[in-house]
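Each structure below appears as structure tokens.
In the two complexes that follow, subunit A is the common piece, with subunit B as its partner first and subunit C second.
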Partner chain A sequence: MTGFNKRELLKAGVAGLAAGELFFGLSPLANGSITALAQSPKRGGAVRAVVHPEPSSLMLGLVQNTPTQMVAGSIYESLLKYGHDLKPIPSLAERWEISEDGKAYTFHLKRNVKWHDGKPFTADDVVFSTDVFLRELHPRWRPVATTHVERIEKLDDFTVRYQLKNPFGPFILMFELSTTPIVPRHLYAGTDYKTNPNNNTPIGTGPFKLAEWTRGSHIKLTRNPDYHVQGLPNLDEIYWQIIPDAAARVVAYETGAVDILTGGTVENFDVAKLAKMKNTAVTGKGWEMIAPLSWLWFNHRQGLMAKKSFRQAVMYGMDRDFAKDVIWNGLARLASGPVSSKTRFYSDKVAAYGFDPAKAKALLKESGYKGEPIRLLALPYGEAWTRWAEAVKQNLTDIGMNIQLVTTDVAGYGQRLSDWDFDLAFTWLSQFGDPALGVARTYVSSNIAKGSPWNNVAGYSNPEVDRLFAEAAAANGEAARQELYTKVQQILVEDLPVAWMLELEFPTIYRSNFNNLIKTATGMNDAFQDAWKA
Partner chain B sequence: MNSFLRTFARNRGAVIGLCILVAVVAIAILAPLLYPGSPWRMVHRPFLAPFVLDRAPLGSDTVGRDILAGLVHGSRVSLLIGLVSTLVALLVGVPLGAISGYFGGWVDAALMRVTEFFQTIPSFALAIVIVSILQPSVGSIVLAIAIVSWPPVARLVRGEVLSVRTRDYVQAAIVTGQPVHKVILTEVLPNVVSPVIVLASLMTATAILLESSLSFLGLGDPNVMSWGYMVGSGRSRVLDQWWISFIPGTAIFVTVLALNLIGEGLNDAFNPSLRGRRT
Partner chain C sequence: MTFALFLLRKALGAAVILIAIAALNFFLLRLAPGDPAQVMAGEAGAGDAVFLQQLRERFGLDRSLAEQFWLYIKGMLSLDLGFSYRQQRPVLDLILERLPATLLLTGTALIISLAAGVTLGVVAARRVGRASDSAIMTGSLVFYAMPLFWLAIIAQIVFSKYLGWLPNVGYESMGAGYTGARRTLDIGWHLIMPATTLGLFFTAVYARMMRSSMIEVSRFDYVKTAYAKGLTPGAVVRHHMVPNAILPVVTLAGLQAGQLVGGSLLVETVFAWPGIGRLLFDALLQRDYQVLLGVFFTCSAMVILFNILTDLMYRFVDPRIEAVS
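Coming up: the complex of A and B.
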């Protein structure tokens, strides 16, 4: 046992024993009002939250986009949850062990868990979900299972072991709800998963059950009386309201029609306005797993973008503080490099790029730029992104670049990135808690392939970077991984394959009389297990 | 000509409209002198109210761009797109209508079916589709507006030509053996021009509205400042910082109204049967 593993075990044990305390609101993380600290949780009540856009399905094993995660997060569960520091917390697994060589992960499951239809939950469900169902269908679990997992075995009815082919540091993060949602074996084994009628009436182990879904209006979840944590959940009902227009969502909150505006459902400037309302709390927490990081892609296949001086000119020419303060209303942090400060193995020991138009002009001259038109592809995700593209265009125009702004719809944007048909392009991507999961994919040369907007679309290739990412993913032990990741961050920041912009925050706005809402790194996805209404 | 001007001038609304239009055109021409910098420059604190700062008499928008500068530069785009797309629509609609009306028979039937095909599609929806497919730019917007606005021109010209071609002077020209294109150009078209001019002035107004609507929906040329864009970009702030949308909206309203008033004045002046109606 390494120190790390002991600590994990200890924490798991403590959390299991002290569950009552945790649920009693002693954690100040998500409490909007200080008085709530002294109160004990109240049973009962309903909460109305906004989800946008409407989920296409609530079967989390099949669909994993954000709206589905938020709603289905109260219906399904996985083995673990993660705190704001990305450390694992028990969920369906009450404790776990990692072997010393980093190749065997053993999970001990809770024993009193029942599916919503009353059938008992056992290790068979876990093995079926991760070895059969998700291995076949899940875009993020499937490659990990194929590359790193040797076998998944049931040791007894409540113990499951994952035997890996090689040490894989981020494996402990794979038991997050949207990565490995546990689905009921008794309803899915031997069926055609995609057409199984149970997809419309999802059966999970979570604190709430699906009661009613009126398309275009709302999704109603009701309390699961047989939930495996005694006395929970506190709330009786959750109404997920579907309101397609951003301005209408603001009005719905102002008039009291909804209690929670989930991250990204209102425009940035409205956040400041709503935050001033009485009985309202705003938190940027709950996005640590995603840790949205935004940057400008350079298309390294165009002559100029291949030049470091040109890329640096762009970086020095952008007023990122302006973007942070004016466009994101201060709800962001300047990104220092490829890894978000919320993600594991972040290092701030890297070169810094400030806003320096004079230096940018000099570098631009050095690159041999002669006023050729440069296309800047904006991200069609709403007003803030459009304004941001306009501001960057103006910044770069000021240092002497000839920028043509290109706007498209979401499909057109994805198409252009996939076809490498851009010069500069906005994007933001998830980090998934670990550089091996959410960072390396953007920079390693094995990930250069037409057809996806999420891979190394810049076409950046550096053998040293490839090697460091590969070694770091397979290294055993946090210290060894940190050293390799620090090195790769230094190389990347010096080389500037893309221009990092901001670590974004998608604040959740809610009434302060709701307590214990956001307590994990996946925020609203598992917000209601022990939430209560004062 | 004098009587034409006199009739036009008798319509006070038309004169006011003309004055407004002249002023807008002057602003558009002088824009680079009035505001030499780019209207996209973020020069002020965001959300400044009008009349608060002398340097920003009409305030600033969501990211601190000067609203007056945007208004001045936006006039160029709105007028340019209005005029050019009308011109293109006329270049398509007038010849089609003239040929259709003059030759009649199967030519007429064929061309009118094509025209009806375009008329049955909701014009704004079609414009949105065209701009989305071609990517938003001044060129694609002009094209989209022209494509949706030529059918009424063709139908109007056809109707007029149908009646004019039976007149004696046209018949005389045909009998004297003038070539067809000469008959159409010198005898027929000059006599259908007045309703077309009236229609053109109204079309320009509609084109400005169409361009504004497209920009409002985010389908404007992202590289040029236009009034519709300004309204659209301030839309989400309309409850708190209403002026960001209201000011450019007023500019659109006033300009479109001016063009409509002028159209009405032209109609009075061209249409002898109405001459003196207002006296």
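Coming up: the complex of A and C.
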């Protein structure tokens, strides 16, 4: 149980009922805003949130980095949103049907939707976005569209059908905002998308419009009075403030300069301190779609790493509880295998690896290790990651390994990983809700290729694993997919192609007089549609 | 040497240095490990081969190094600093947008540090060995040795968190909608802490330098003569010692002024000040080559320009230098 969950017990009963969801962390009630929970939503007010780093662009069709998603998530929309359980809920599509053979997805669009420039939104925009614009430019949509989609057709002005070549289980998860943001056809068709001047003044259908972007300072969004959901949004303005230094972000929250610290913007040790402040709530929700999972890569091309006994020695030699409790301050959970417990088709029916230095030493001896230097590539994402790499180095040194810590910046890290220039390397990757989208890419042998740090950089190859992942992606029906994914998780955990570490939590810290903030699996990316300030 | 010849010689030298710096910057950056396309793809959470190739084409990284260098130099010659595909905007626009905030911060810090540093240096030199001298020198040493980012954080905790006197981040109050004099005051209010923090470091440097220089000057015969003529100590300091002792400070101030455009990476980062230092830092992490080269080029040009101005200033402060030339 994580630190969050312990605190959750203190307030689950009342806060969960009152807010309509179960918050992790301190509840609004626990910190004194009882009246807010009893009130109905209020119109008006502004919210000041921190975004870091500054988005490079707000054109979500072109740029999908996390800061862009957070800010542009209030400007653009997709056909669907997803609840914390990853079940689809309406957004630009008011309803949808999936054919029995799992090959046709039909979406019925809302009829009263307007772009921010007043033009009507229709099926033409959806077809243009997904069949032309994103098919050309989007790194996650393009492979799916090319491999699985036979055709995208407009049935009428408000109905669109996706006809697949074969059933593809996770297809319903592809209509999330960052994967298929719908862009205005009337502004982009026939233009050079990359240099279109509208990229700097994004036009979407979302609840807020871009009002001002002072680079290096802040981004201001204002309420869209013509939003297609009657009466929403409640807030008048959103200010996204750009504060590059983590310690300064903490002081900004403490002094009341900002209302929301988005996930990952403060050090773990500051989360506990801020959670004790009055009028403050903390939630770990809103990361179910991403479900960050961390692990250590083994480079299977190095002789030792190809031996299972060596990989097991590393796994038994690491004190993951220490990492969870001390380095991540309890904001994590031990990973049991390749699939996060938040992701669909997770199974806990797998072998378990505890911290057992004696067993690790024996396995190390069995592997034939003779003290050769092992390079451990740290992840350059901040203090916690640096400390974690040092802790792992200490653990592995204690069982007799000669570990050399390699540190670099983000670009250098990516280069080393894509060139396979490492022995052990830290990473964390997104799961995207389904093993076919965010898990298989790490283990299937067709994904072994130099030049990218997000494929099977370990060089692990197992024909049975390849077959199971392929069958599970194409299987029609949840039960069939669960069976296949359970089997592949068991094989992988036994084989240990990588050393799974922790499921990470990036909590959002906010003033508890803000309500309805985190309501979906994508958290802060679409937090303000019906948020209100008491 | 005539003044015109002097200027011509300086300008030609500056042009050669600028081209050499531009070439050096270009190749040094390419030596650093890391592919900008991968950084961008990483931020998007994925990147297949097609996407990486698209990004390389956007950055012009699919072209040969020689071709990239030629395009870069050609652009420089027409004062085109390139296009940041990451930010989707011309580099010159990005620099000009950040310039006012940076100049305001670094210019204010320069004024604070020059005024305070020279004054404290003179005071310390006139009270050598006494308590006030020790206090000034100890204070200078402390602020000189203290890491800027740490000083900035401590200042925020004291003046923002505990005392609540000053805002800890930003250039102006978000959403306040101030205009005119009210806005100017608001910006000034936000400026106090970052400018003072940055200024304290240079104040310490100038104070120590001015003190040493004053002590050295005080031993010269013309100072003794001035006293012998019956001038008051204040008049000797003002008219004979300070004008001669200030030359090393002018040299250092010239170097500091050359860096004004580059901003202060640490202070801008901790105080969330929207200046060029942060533009540079972000571009470095993201391997945004065009922005990096553009900022480097602008900073180099400014350092060279201010060096020339410092040389000219010498002639103004001490006419003997022109006579020697």
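As a convention for this text, the second predicted complex is superposed on the first by the 497 of 534 C-alpha atoms of A that agree within 3 Å, B and C clash if a C-alpha of one lies under 4 Å from a C-alpha of the other, contacts with A are read in each partner's own complex, and residues count from 1 in each chain.
Convention: a contact is a pair of C-beta atoms (placed from the backbone, for glycine too) under 8 Å apart; a residue touches a chain by one contact, two chains touch by 3 or more.
If you're wondering where the values come from, they're calculated on a predicted model, not measured in any experiment.
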Kindly say whether there is room for both subunit B and subunit C on subunit A in the superposition, answering fit or clash. fit
After the superposition on A, what does A:Thr408 contact: first (subunit B), second (subunit C), both or neither? both
State whether A:Asn199 touches subunit B only (first), subunit C only (second), both chains, or neither. second
In the overlay, answer first, second, both or neither for which of subunit B and subunit C A:Ile243 touches. second
First (subunit B), second (subunit C), both or neither: which does A:Lys393 touch? first
Could you let me know whether more residues of subunit A are touched by subunit B or by subunit C? C
State whether A:Leu155 touches subunit B only (first), subunit C only (second), both chains, or neither. neither
If we overlay the two complexes on their shared chain A, which of subunit B and subunit C does A:Glu267 touch? Say first, second, both or neither. first
With the two structures laid over each other on chain A, which partner does A:Ala378 touch: subunit B (first), subunit C (second), both, or neither? first
So in the superposed three-chain picture, is A:Arg140 touching just subunit B, just subunit C, both, or none of them (first/second/both/neither)? second
Look at the superposition and give the distance in whole angstrom between the closest pair of CA atoms, one from subunit B and one from subunit C. 6
Set of subunit A residues, in rising order, touched by both subunit B and subunit C: 247, 408-409, 412
Of all residues in subunit C, those that touch subunit A in their complex: 32-36, 38-52, 54, 58, 85-89, 94, 97-98, 101, 149, 153, 156-157, 160-161, 164, 167-172, 174-175, 269-275, 278-279, 281-282, 285-287
Subunit B residues touching subunit A - in the complex, by the definition given at the top: 38, 40-42, 46, 62-64, 132, 135-136, 218, 222-223, 233, 235-237, 239-240
Mind listing the subunit A positions that touch subunit C in their complex? 46, 48, 53-54, 56-57, 59, 62-66, 137, 139-140, 142-143, 178, 194-195, 199-200, 214-218, 220, 237, 239, 241-245, 247-248, 251-252, 254-255, 257, 408-412, 414-416, 418, 429-430, 432, 449, 451-454
The subunit A residues in contact with subunit B across the complex are 246-247, 267, 269-270, 273, 322, 326-327, 378, 383, 386-387, 389-391, 393-394, 397-398, 404-409, 412
